[in-house]
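Shared between the two complexes below is chain A, which has chain B as its partner in the first and chain C in the second.
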Partner chain A sequence: MDIFLQILFSGLAVGSMYAVGALALSLLWGTMGMLNLAHTTFIALGGYVAYFCMSVIDASWFFVLPLAFLSGLVMGYIYYHLVIRHIYANQNFSVNIIIASVAIAALGENTFLNLAGGEALRQPFQFTSGLKIIGVVLPYQTIFTFIMVIILMVIMALIMSKSKLGQVIRAVSQNPDAAKLMGINVQKSFAQAMMLYGSIAAITGVLVTGASQVFPSVGGDATVKALIILIVAGLGNLRAGIFMAFALGFLEMGVNYLFGSRYGFPSMLGFVIIVLLFKPNGFFGKEVVNRV
Partner chain B sequence: MPTESLRIENLTTGYGRRKVLKNLSMVVEEGSVVGIIGPNGHGKSTLVKALSGLISTWEGRVFLKNTSIDNLPAHERVEKGLIQIPQGDLIFPDMTVEENLMLGGYLIFDKEELSRRLEKVYGIFSRLLERRKQITRTLSGGERRMLSIGRGLMSEGYMMILDEPSLGLAPKIIDQVYEIIAGLRQISPTLLVIEENPTRLQNIADIIYLLDDGEFIWSGTPSELKKNEDMLNTYLGI
Partner chain C sequence: MSISQISILIAVLGILVAIIAFFWGTSHSTKEFIKIDNRTSNVWKDFWIGMILLALALIFPAFGAGKYLLSQIVLFFIWAAVVTQWNLIFGIAGIFTLGHMAVFAVGGYITSMIALYMGWNLWAALPVGALAAVVFSFLLGATIIRLRGPYIAIMTLAIAIVIQKLIVSDVDCFVTKDLICYNFTGGAKGLFGYGNFGFKELLGYKGKIYGEYYLSLTLLVLSTLFALFVIYSPLGSTFRSIRDNEIAAGSRGVNRIKYQLIVFTVSGIFTGLAGGVFAGLQTTMGPNVLSLSLLLFLLSMIVVGGRGTNWGPLIGAASLMLADTILRDFGQLRVAGLSLIILFAMIFLPNGLIGLLSNIFNWSPNKKENEDRVSIKNFIKSDRSKYLKRGKWIKKFGNENE
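Presenting the complex of A and B:
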């Protein structure tokens, strides 16, 4: 029984970590068709903001998430004007942005290295104890991250479906020329989408680093896992992505416990390959039906 | 003297290095319906894109109500009241019919006004009301054209440009579409209608221009056009 609980709890911990990393990435990829590999920079940003806020200027934990939100917002805006604006209008945006965002990720990593040094710092925005259930500990950090995943997911879904901003972002992503003919300023909308992305990504950065430490390349792992999860779940389907994050988390932890920790990640990749062999659009990805 | 809605002076443009439109000039007077006809591949759609700002002007000027608009980006031209009703391909495929229509009223911030206009559009197109929750990629060609026109109506713009409203539609549906276009004049009195052939335009247009190989080679009233059957035969094969 406690082995089952052990797997359940650690699967929940890993799954919510994967889910939180995938949230913001899914927003950009699913709507703008933009695979943003500089996601890692935004995650590190969240981690360093938390460290700066609580360990450098000794402020209360209360300010961490609002500050991460703000700095992500600003960073998204800068990212748009520095990079995206110049390549968006050109052809092959979806390929060019992958290359450009790798460059930005490297730039971000080196900037953090110069500013904060290379060593791993303890990220103070975290819970240390946990809830004990039949001898097995469920960390408060896991509960908190899980709740935050649900909250952020609901907020994102509401923004995209109900708000004018979400409607405009979807319109621009589906047909930029048609959006212009509606009187939509496509450039401004893309900048707003980047600010929305940046703020969510930085908040998730606080959560991702909360379970570990913060160092310049801390977001790399989360970004790779998020990529895998979104591809296997089917692009543009946020709920499926979150579900898949937890499913893969449980799979990985289950295999770890049963066969040893070296088999966890490979078995996850094996699962991904099998899914894509039979469902190339992802597990929950729908085939697009076009009536001509 | 009647006011000029739209004035084009020596408009030249194209794609990459390929020149498509050469020195086009025309005037659309307020309250009039102007038709442009011409064979496929001779610049009709390019003209529409150049007027709405989706491609840039190389040379020449474009004025809307005596204000120059040729340097404005597309969305600012819409703000000035120049509305394009595109062919069926410029819809938002993964949104519902109603979401598409609401985006047509993107520049309207008064919610009551928006729902008043939405009801008006549904009053004209009962088909759209039936399908308001349907994803638009599953609509038929005729329904898409209705959606495109309905979405344009939401803006209640100053002047509308209709890009081949009868293209690819069954004759019965074309009749319906043209009935609606005739009714459009109550909302937006000035219309520029692009078509491949003049059959449908003859009843509603005040002046018709013939566009061939990027140039206007003839213009006149529909009755004058009827007298020039040889010319129509030469250029359009009818």
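Presenting the complex of A and C:
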């Protein structure tokens, strides 16, 4: 029973971590058809902003989330206008942007390494204690992250369905040319989507680094895992993505506890590969028909 | 590395680029290649480029280059050999795999493991390592057989990361010698102590570097020959047809799955050999060959040189190695510099340096204007224009005799 609860709780922790990554990344896939490997830079940005805010200038914890939000916004804007816009103009965007975002990820990692040093820092925006259930500790950080995932998901769903920004983004993602003819500024709406993504991703960074520590390459694994979760769930299907994040989180943690922590990620990847061999559009994905 | 050496290097590379550009003349970007498929003349052009480069590389050590410079060139040869093979998948067949360094690592690891645990000579272990790399490359191709474009990039990257994690986290003792525990894959420390190619005994302490130089040069020459052979064979045409229009290729009876597996298998051969040669020359084999920065380094060689071109990877490898030797002085900023280079290449040179060269050599000040004028002239002279009022058209588009 103990080990079962242990697996459940840690699976919940990593699952909500993947879910919050998948949430932000699926927004970008939905708008631009872009798989962003530079997500790790945004996660590290959130972590370092929290560290800077609370440990370096000794500000209150109250400012951490707004500051992360703002920095993610600015970062998303810069990223869009310096890189993505130009690559979108060339052919083969969906693959080129992966190469470019690998470069951005390396650039971000190197920048943080030079600015803050390579050692792991304790990120102060976190809950230290936990809830004790039948001898197993459920950290408050996990509960907090889980609640934040739900809040962020609701906020994003509201923005996408109700607000004008969401309408514009959906219109552009369905057909950029038609949207342009209706008088929508496509570039501007991409930039807005990127800024929305950036702010969500930086908040994610604060949450994720709270559970561990913050170092330059902190989000690398989580990014790749969130991306393969999105792929195996079927891209563009957000609810399936969240479900898959928790399912694979439980699988990974179960393997970690039963067979040793080396085999968590490999077994998860093996599962994903087997699923994709039989369902190349993902578990819940619809078959895409290519018309010539 | 002194300034004079750098200047020699730059001069040599400049001459190389000039010669290549001279022979390129009426060059083609990837798209034009399909349009003007004048294969035989291209074969001869590539033959002469290759011969000149080979001659230069063969006599280069005679100029009395230093040991450091030669060892950098040895590394360049190995990376160029890997990149030409990667280009077969990435550029020619258009399958965007990021897991090619895993194939390289399998070649190197299997070679060194066989030498270490079974006591084989490294020369004998080389083909076995290459075979293992071929098998691994085939499996890598098979795991992503039904995926497309960006999915492939993410999945192959994930596979490479998982392999690196498995190697780094390997702590079980496989052999225990003198109370020191040795892991099966060497763990984070890497494998060492499996011998070398024996150049020291054969050529003496001073001649060792020349042996390494010519070995890696042989590797590069063979792998380039092989890549060119694949590119010009019917196989290469099939790969390009799948890359350019999969549906059209499919309707002509091209089996995508079969050829995807073939291209992965084919490119595994020399990648695995390069891995083995790398392991033998470095005398250690560690998990850092799977690191993100090395992946980025080799990827930028393809992107900067020109994807899907015959000599693009080679030029990319040369320019990136040159940039790397300069960036090495900046220490920590090296990776940042590399990523800036790759970003600049992606934004400003979508066809790579080869595309830039061909643009420069095909450029003429009034080419576009000439083309416009010719087309209007043709239109006026064409049959249809007989039925039009001549004067009206000339008024509109300018005088015919101008």
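Please note the rule applied: the second predicted complex is superposed on the first by the 287 of 292 C-alpha atoms of A that agree within 3 Å, B and C clash if a C-alpha of one lies under 4 Å from a C-alpha of the other, contacts with A are read in each partner's own complex, and residues count from 1 in each chain.
In this text, a residue touches a chain if its C-beta (ideal position, glycine included) is under 8 Å from a C-beta of that chain, and two chains touch if they have at least 3 such contacts.
Treat the numbers as computed from the prediction; the structure is a model and nothing was measured.
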**Message:** Output check: A:Glu119 vs chain B and chain C. Expected answer is one of first, second, both, neither. What do you get?
**Reply:** neither
**Message:** Under the stated touch criterion, which partner chain does A:Gln174 make contact with: chain B (first), chain C (second), both, or neither?
**Reply:** first
**Asked** Touching A:Leu269, do we find chain B (first), chain C (second), both, or neither?
**Response** second
**Request:** Using the superposition described at the top, determine whether chain B or chain C touches more residues of chain A.
**Result:** C
**Message:** Between chain B and chain C, whom does A:Ala106 touch in the aligned arrangement: first, second, both, or neither?
**Reply:** second
**Message:** Quick one: is A:Val186 in contact with chain B, with chain C, with both, or with neither? Answer first, second, both or neither.
**Reply:** first
**Prompt:** For A:Asp58, is the partner it touches chain B (first), chain C (second), both, or none of the two (neither)?
**Reply:** neither
**Prompt:** Between chain B (first) and chain C (second), which, if any, makes contact with A:Leu277: first, second, both or neither?
**Reply:** second
**Request:** Share the list of chain A residues that count as touching for chain B in one structure and for chain C in the other.
**Result:** 290
**Prompt:** In their shared complex, at which residues does chain B touch chain A?
**Reply:** 52-54, 73-75, 78-79, 83-84, 86, 90-95, 99, 102-104, 106-107, 137-140, 151, 155
**Complete:** Residue positions on chain A within touch of chain B in the complex are 167-168, 170-171, 174-175, 177-186, 288-291
**Request:** Would you pull the chain C residues touching chain A in the complex into a rising list?
**Result:** 96, 98, 143-151, 153-155, 157-159, 161-162, 165-166, 169-170, 247, 292-293, 295-296, 299-300, 303, 332-333, 335-336, 338-340, 342-343, 346-347, 350
**Fill in**
As the complex stands, chain A meets chain C at residues 35, 37, 83, 86-87, 90-91, 94-96, 98-100, 102-107, 109-111, 113-114, 220-221, 224-225, 227-228, 231, 261-262, 265-266, 269, 272-273, 276-277, 280, 290, 292
